[in-house]
Amino acid sequence: MIEDISVRFLDSFKDKKLVCPVLVEGLPGIGQVGKLVAEYMIHMLDAERIAEIHSIYFPPHVIIEENGVARLTRNELYLHHTEHRDILFLVGDYQSTSNEGHYILADQYLEIASELGVQRIYTLGGFGVGHFVEEPRVLGAINRDGLREEIEASGVVFQRDEPGGGIVGTAGLLLGLGALRNIDAVCLMGETSGYLVDPRSATSVLAVLCSLLNVKVDPTQLNARAAEMERMIEGLIEGEKIQSNEELSYIG
Amino acid sequence: MIEDISVRFLDSFKDKKLVCPVLVEGLPGIGQVGKLVAEYMIHMLDAERIAEIHSIYFPPHVIIEENGVARLTRNELYLHHTEHRDILFLVGDYQSTSNEGHYILADQYLEIASELGVQRIYTLGGFGVGHFVEEPRVLGAINRDGLREEIEASGVVFQRDEPGGGIVGTAGLLLGLGALRNIDAVCLMGETSGYLVDPRSATSVLAVLCSLLNVKVDPTQLNARAAEMERMIEGLIEGEKIQSNEELSYIG
Amino acid sequence: MIEDISVRFLDSFKDKKLVCPVLVEGLPGIGQVGKLVAEYMIHMLDAERIAEIHSIYFPPHVIIEENGVARLTRNELYLHHTEHRDILFLVGDYQSTSNEGHYILADQYLEIASELGVQRIYTLGGFGVGHFVEEPRVLGAINRDGLREEIEASGVVFQRDEPGGGIVGTAGLLLGLGALRNIDAVCLMGETSGYLVDPRSATSVLAVLCSLLNVKVDPTQLNARAAEMERMIEGLIEGEKIQSNEELSYIG
Amino acid sequence: MIEDISVRFLDSFKDKKLVCPVLVEGLPGIGQVGKLVAEYMIHMLDAERIAEIHSIYFPPHVIIEENGVARLTRNELYLHHTEHRDILFLVGDYQSTSNEGHYILADQYLEIASELGVQRIYTLGGFGVGHFVEEPRVLGAINRDGLREEIEASGVVFQRDEPGGGIVGTAGLLLGLGALRNIDAVCLMGETSGYLVDPRSATSVLAVLCSLLNVKVDPTQLNARAAEMERMIEGLIEGEKIQSNEELSYIG
């Protein structure tokens, strides 16, 4: 019988004794903000892939990689060693397809975190505001009152009633279920329109997270991607204006 | 593996020997009537929080509290001591997201009730009639024929074929599943339009319930909220009339 | 933990040794044909209620009976003794709300049938044709080739490719799953528009079933209900014609 | 309690020692391409039916066969002996109705394959392109890099980013879950519009598969069906053109 969730650590990951590990979660979500940040950090820090997670709660299909090899939809763990602490990243293709699956998966992630001795979790996401934001703020949520001061000091905004609808999925449940296990967890949400993939919002979150983790990640490539995205959007708006003017002159 | 439902009694709740306890259920539902009544009573009686209930059948998100702390969506138990009996309140953010979850949660609530020696359950709800009701009646349903006389004596109306569609969710299942466990249960439903949160309907239910429980709860604040709501609705209707007249004079 | 399905035999049903029992299933479905037939037979034969079945796969609500007593949605078993054989009836409020639940419930019904020594099952239903049928035929399906001749002899029509979409729910699964348990099962489907409750179609099925079971059930009341239904429909059509003529004369 | 999945091998299938068996999966899917190919091969090779599979994850209904006998929706295994290897075919009425069921069924198929010593799996499907294709190519996906060369040599195209959405259902999961069990698996997808059953696409896949399996299957009947289909479509297009011309002349 297939397991509901299977976690496979790679053979290369022999030594499970990590130094003061923190876990950064960046699964798909609003504006793909969390995913952009976590995958960018993995790329720039050349983090090591250490585990893959499959589950019957992920969509039932395979993804074709460039070489034609199909693989199950999955989540993955990456590891980056720094002098003072180890950083684990949780990234992947999808979140759960069912409500119950969200809980069961989040609990499994916490079980892994527990076993690896994780002392703090950062979950990343977007905070949809419904309009374009030039300088996206980073909003925060915590799972223990004592965490707020430190997080605010890094520039994160705690705003009453935001996000009003709560935090949906893994980014939220790791805080809620984490508290029941006494694991500190912080959610960092970049303001974003909610309509498009948003690398600009991701750069804001990246800056805050690097400061909190005391690591350096050059944001140049992410900034470039954000600038490109903005040119594209401006082009679209410009195009609409021109079309709109032409229509007016046609009428006139 | 995460439990489907976890019930955590607070350490402060040491003495589980309750005196003739009754359980009042007021979870979210039509017009939020049940929720309004139960939470108002908890507030006014300063009832003690004694347990929290989490479940994979609740929506998979966290709620941000005013201090920025995220917590799981949950149900809660509160306790109020009176001279003659103890009153337990079951309130919370949500009911189940799945059909099966409704049954499984309701059964768990009855298991708790059984363990605490609950002798009667009152479930609260709204009864949607599709139009505004000036003086909402309280309709009743019972899970044993012998209960009717007592409940009618307190002003509750038993009307054939109402509610025609039955009672959906926890408020209904506690009666149905309760009967199989020989626990008496009564459902009190305030008439309500079904469109808006309805504190007026809640005041009707509150009066009946207080009489049945022989407790005094000052309804002033709930009445005030109802009056405010009614002014707001009148304002909206007035506004529509004005707009409608303006449109007519424009046409004329 | 609540059982997925609970079957409670009434204390009055002491003697489980039935004589050559057959099971007649008439749960809600197309045109309510099966439900009408089975409940009419229970009524006319004054069959004895012997068991009730509850399940988390039924809709999560209670039904209010005339005396104000709420009860769980359920299925029920009734028993009628005849000289040569005992007839069991399976009726109820609903079928399963989930795909998987349909299989699990049908299997449970077969488990009960097995324990009671049931030798044949008749499942009843409607066969939707999309238009009104004056003299509805009864179409049949069987779960073993050898059954066909006997069933055809009673006037049941076996028509290639009908019903084309197969038989959905309990009426079908009792045949399919029954075959795996070597229990003979026959489905009788009355032709019906599929739009309305259809007592006319039910009278056709009733006649065939009574012949097959060798029991007499006076169809007068069911015929009366069918005639009433037809007058109502004619009235509606008449009304439309009048309206339609009036519109024409208005135009003319 | 009913099993989630039941696999019944026919008594006629005594000798489970197969020679270098491969498994060909052709369940319903896009353009029914996989189903057409696998069922055509079973027909032309007169393969032996050896097992049937039932599951609560299949739709809860029965299918009426020509003789009026109802049977559960199911999947089936067929076997064809060749000199050098045995070929197993997995075909059936439906795939899973739920996401989780897809995983659980695919894992069960792999369990069967494992037990029977299957050394390679071919899964068949259609690749929807949204327009009619005169000479459909066969696209491929593999579950181990080393398989590509052999598959390409038989004329299969590996195209970057196609299919972009991955491969949904059993045809995909047998590759993904197969890799975790170290069973080689190849998916062959015939280009197809995605709108209609497509025997033309099936002939392309058939040719490639026969070459890979080194078996001969006369494609005449499948070609004839494809030709008939194309005449029908041309007729429809022609009809539209005529209608369109008539409309023009009417306007003119």
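Order of writing sets the labels: A, B, C and D. Residues in every chain begin at 1.
One rule holds for everything that comes next: a contact is a pair of C-beta atoms (placed from the backbone, for glycine too) under 8 Å apart; a residue touches a chain by one contact, two chains touch by 3 or more.
If you're wondering where the values come from, they're calculated on a predicted model, not measured in any experiment.
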Neighbours of chain B that also touch chain A are none
Under the over-half criterion for shared residue numbers, do copies chain A and chain D use the same patch or different patches to meet? different
Return the distance between the CA-based centres of chain B and chain D, expressed in whole Å. 54
Round to the nearest whole Å and give the separation of the Cα centres of chain C and chain D. 38
Within chain C, the set of residues that touch 2 or more other chains is none
Among line, ring, star, complete and other, the chain touch graph is ring
Complex interface listing, chain B residues touching chain C: 96, 99-100, 102-104, 106-107, 140-145, 148, 158, 160-163, 165-169, 172-173, 175-177, 179-180, 187
Contacts from chain B onto chain A in the complex sit at residues 1-2, 6, 54, 56-57, 59-64, 66-73, 97-98
